[in-house]
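Note that subunit A is present in both complexes that follow, paired respectively with subunit B and with subunit C.
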Partner chain A sequence: MVTKVKSKIIKKNRLTELLDKLAKEYDLIGPVQDNVISFKQVKSGSEITLDFVNSVLSPKNAFFPQTETLFRFSGDGEGFKAEPEPETDKERVIFGIRACDARSLHLMDMVFGGQLEDSYYMRKRAKTILIGLACFNPAETCFCPTFGIDPTSPEGVDIVFTDVDDRYWVQALTEKGASLLDQLAEFFDEPLGDEAKLKDAKAAGLTKMKKLDVAGLPDKMEPLYNDAYWESIGMKCLGCGICTYLCPTCHCFDLVDEGRDEGGERFRSWDSCMFPDFTLMASGENPRPDQKARVQQRFFHKLKYFPDRYGEVACTGCGRCLKYCPVNINITKIIGDVMSGKTKNE
Partner chain B sequence: MSENIYLPRMATIKSMRPETIDVTTFQIALNGTNGESRFDYESGQFAEVSVLGVGEAPISITSSPTPPETLEFSIRRVGQLTNALHELNVGDKIGIRGPFGNSFPLKELEGQNMLIIGGGIGLAPMRSVILNLFDNRKKYGKIDIIYGARSPQDLVFKSEYEEWQNVENTGLYLTVDRGDEEWKGNVGLVPNFLKEINPSPENTTGITCGPPIMIKFVVQALAELGFTSEHVITTMERKMKCGVGKCGRCNIGGKYVCLDGPVFTLKQLEEMPSD
Partner chain C sequence: MTISSEELQAKIKKLFEEGTIDHFIGYEAGSDSLHTTPCFLKNGEQVSRLVWNPLCPYNLSKYLLDFREGEGRTGILVKGCDARSVVELLKQNQITRDEVFIVGIPCTGQVDPDKLLEVTGASPAEITGIKDEGDAFSVTVKGKTQKIDKQKLLRDKCMVCRYPTPPLYDTLLGEAVDSLPWVTDDYALVKEQESLSSEEKAAHWNNEFSQCIRCYACRNICPVCICKECIFDKKMPRWVTKSTALPENMVYHLIRAFHVAGRCVDCGECERACPMNIPLRSLNKKVEKDVLDLFDYTSGVDVDQPAPLTTYQTSDLEEFL
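What follows is the complex of A and B.
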């Protein structure tokens, strides 16, 4: 943390130019409108769109790719070399990350960091500068204030861009962020002084945002283990896995080998607790044999096990899972039911 | 940057000892850069064993850590990876990551009588305990080993029974679900056999591993015999990938079997949700 926040502004009509410069000097990743809005590496600033509420896919993929080669091996046994994929050492900049997704990186850091550190994830984290984008236009499905997140003030990022009037208010929250601003000084001007006021005025409308009561939530989950409540949700669930696919905090993965005699690779890919074979053993035993058990696992993991292990609920209120679930399984309703004891009426 | 937790170390198969028609004991030596042939481990820990190109699976360590060089895995041929392992030959290379997980608290159990109850391939991690106890024989009281399998042909480590029985103050009780013409021993399920043997719970800890259904009834039988849940220890099996608490599938309630287990007391299991 810098003791004094470095604060600048940039005129909106100079943003593309700034992003072009970033794309030249860094691997620049930002929100791109394809079929859906997702974070992708771009070659120029004009590829980036800022016309979005939130991306359909979070930038999780930039740190924990959907598939990632862990190492390659040669086939003759003797000459086995487990060589991790070389990564470019080029620094990366992610532009436009929302407060909810920034929080999810903080949560995933606890999983992939720690004593048994996952070097693939941590290396990508270390070489990435995060530029957050304040959010003033949340979707109906958003409920990030539940977890103490202020969508207009992303935390855990290096720089925050806030859209005020004809300019972006640019604040560096870390040394890394401050030195990037110095490096790009040509694009920035001194603040006019009314930025904080303009921001507050825009943020005033957000007080209506959904904020659930989650006080003591993990403890309230505990007695619901094996409750019939999960049966009714399990009955609805199609097991499609879209919730885990879109969730910015879901981190489960599979390890798979490809190729053998001619050499090959071991890669990892996202996996999902919604799938039957996630826990199916070679013996035929499956400790989570039905969708009830799998749905229960998903919500217990988010709301009970993760907080027990790491001290925080594994949800950021991004709303993706409830927005895209084909059968309207809604984590905000589930949290509400748990908190109010309505699970017994299901 | 720290070492790569997913990168296996290469090891050579030194010997393959058939135990039954579908179980083989593999003796492994690491091709250690400093000349080491194995890593340090404790009884109850497991390792991720790789056949490159096929995959990786968590396998409990069968040997005792007491001899300085030995590293053995007794592996039943049951899935893709174990099938591929059984197709290998002495001298072939495999990958090893580990050791992972916690271990049996053998140090804390010194001075007690030990009751080992195994079923089928569940004797594999128990053998690490048995040989470890034998190598520290003076530190423990009576050692009773109750072991059962489906048929006489399915009993593992048969070549070692005579030696085990000759260790002082040690009892070996064998049973099979179905006998044959040559079988002179007990016929019946392990939990029932356990009740017939009727071991005293006094100053005794029971350690059990076997198929889940056997463990369930062994635990009930031990309770009937007066064993308290602090004095019953088991080791759990779950599907695992990473072995280090990242991949998210081996949890029982909030406990990761790979990190917090695989060894749990019955008391710990009772406090956990039952999935």
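What follows is the complex of A and C.
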């Protein structure tokens, strides 16, 4: 249970003003409507939209950018020099992060902050204050309760904003969050006392969300390694990168050196286990030669290898892969089939 | 009037029983009431899975490429647009005519789920039935059935569809439909683009391409993207990297648009698949219009008509030399 260290409210009509102030003092990142809604850095509060169920692209881009220069190199014919890509030390605030996406950062922290620390990711994490936004309008593709997530109470963030009536109930969950509230005290008032009740009433009105049974899922995956089931899914799968790129927990990347004789850069970019070249070796050998093998890998990584290694399933129930898959491959059906032993019928 | 799922199932069962087909690619129920999903049948016992309704946007012809090697004869369900890409696959010698059995279905429009949700204000679970009633769709929301004007719900590509009936088929289910009453100007979208200045066009497409995440869904779903090794996947030499910098994204989209010139049939699958809502059809439509103006050629209509960009004649104009 998280101890709430501070509780305040802000009138809704003062939110833009608050965000303007944040944008001035921090690098402010929030949900922005372009062709679709995604998390982007903004210059003013009015650029941020709060009219969304969830963004198409998760905020993982803010910590693990799709394309990120790691260092630049140059040579003069004699020697060779590598210089790290300069990064601003300015503190950042991400506003409007949902409970599922907050969980995904916790999952990625285990990868990038583990035994071999990824300094690029961890530096961004350390200098970022996360402001969560309680979700009362989940989509029918959402199934975050499966993983113990309460969409109305984001965890793993510094501050939570909860839309109640004419105001947001603002709760700091960490010291970092509390000190930001102190710093912005001019915008906040004391709670009126009915916020918890109002929130509970709203949460009670929530449509019943999908909650899958995942007890013992990694063990149920184990015997399916060579199952023909994956063929039925691989046959349908187009091998595009939508599921992996939109997934808030997928974190594989490629490293590329790009340059000429006089110099260049090494960058990393998202990569996808759905792509044939993901495992293609220089010899031409490809240990995952077909889409069946790739689909199997994706689900084994999420539902078996990751939990074996880190103790949690690499899914937050955000539903993006299911909602945006162009051929309607459905992870909730796959989990259901594995749990109920229905994979044999396919 | 369009046929029912039951009529489709009976027909396909018969095709299996007669030994006409060894596999069948069609549609089955998907994750919710607004989605079907492609399905692959191996025998006549499985036909009860098949559905046909106005929520079958998938162009299944791409899957024919996976059934190329001695797996018997594959039956495939095609709408008008899908059949046109089968024609293109035949023209490019990607599939063998004898190994494919084309089950054509006249299509009088596919529903765009996003438009449906907007028009009805309902959630997917509240919508329990969608039927094609010829001049309208009847939609059942929370148990109540209402008729909704087709033009409010159709996918954009269906608004300009000239080939509701497959131009090529082995058997046709239901009666052929010659034309759709709502189709007026195929190229309104393109003309709008053409009226812009170069600067305006650049600003528009720079903005669109900068949002691309290079998931390659548009390429992978495209029925005429048939290269075994795509130039964008090539490592030596490497023409583009996985970087999503604007120049890389632009090269990707422009090369793709040119590469499908004369073969794109406007099935609209690229635009439907794009998670970033990039209006890819307007790009491909422009190329389609240019091919029509330059070569008087419409793709996917006639298997015997020479393809404009892969046919050489000594009398060809070479004005640019």
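Basically, the second predicted complex is superposed on the first by the 338 of 346 C-alpha atoms of A that agree within 3 Å, B and C clash if a C-alpha of one lies under 4 Å from a C-alpha of the other, contacts with A are read in each partner's own complex, and residues count from 1 in each chain.
Everything below uses one rule, namely that contacts are C-beta pairs under 8 Å (C-beta built on N, C-alpha and C of every residue); 3 or more make two chains touch, one makes a residue touch a chain.
If you're wondering where the values come from, they're calculated on a predicted model, not measured in any experiment.
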After the match on subunit A, would you call subunit B and subunit C a fit or a clash? fit
Once chain A of both complexes is superposed, is A:D254 in touch with subunit B (first), subunit C (second), both, or neither? both
With both complexes superposed on chain A, which partner does A:K236 reach: first (subunit B), second (subunit C), both or neither? second
Does subunit B (first) or subunit C (second) touch A:V56, or do both, or does neither? second
Larger contact residue set on subunit A - subunit B or subunit C: B
To the nearest 10 degrees, what angle do the lines from the C-alpha centre of subunit A to those of subunit B and subunit C enclose? 90
Let me test your reading of the model: by the given contact rule, A:T88 touches which partner, first (subunit B), second (subunit C), both or neither? neither
Looking at the overlay, what does A:S269 touch: subunit B (first), subunit C (second), both, or neither? second
Per the contact definition in the header, classify A:E117: touching subunit B only (first), subunit C only (second), both, or neither. first
Touching partner for A:N13 - first (subunit B), second (subunit C), both, neither: neither
Looking at the superposed set of three chains, what is the minimum CA distance between subunit B and subunit C in Å? 7
Which positions of subunit A sit in both the subunit B and the subunit C interface? 254, 256, 258, 271, 280
Spell out the residues on subunit C that touch subunit A in their complex, using ranges where they run on. 30-32, 35-40, 58, 62-63, 66, 123-125, 208, 211, 213-217, 219-221, 233, 235, 241-245, 269, 272-273, 275-278
Which of the residues in subunit A come into contact with subunit C in the complex? 34-36, 56-57, 66-67, 140-141, 207, 232, 235-236, 238-242, 245-246, 254, 256, 258, 267, 269-272, 275-277, 280, 322, 324, 326-330, 332-333
Which subunit B residues qualify as touching subunit A in the complex? 1-8, 10, 52-57, 78-82, 92-93, 95, 212, 237-239, 241-242, 244-254, 273-275
Under the stated contact criterion, what part of subunit A meets subunit B in this complex? 70-71, 73, 75, 77-78, 80, 82, 84, 111-112, 116-120, 122-123, 225-226, 251-261, 264, 266, 268, 271, 273, 278-283, 285, 287-288, 293, 296-297, 300-301, 304-305, 308-309
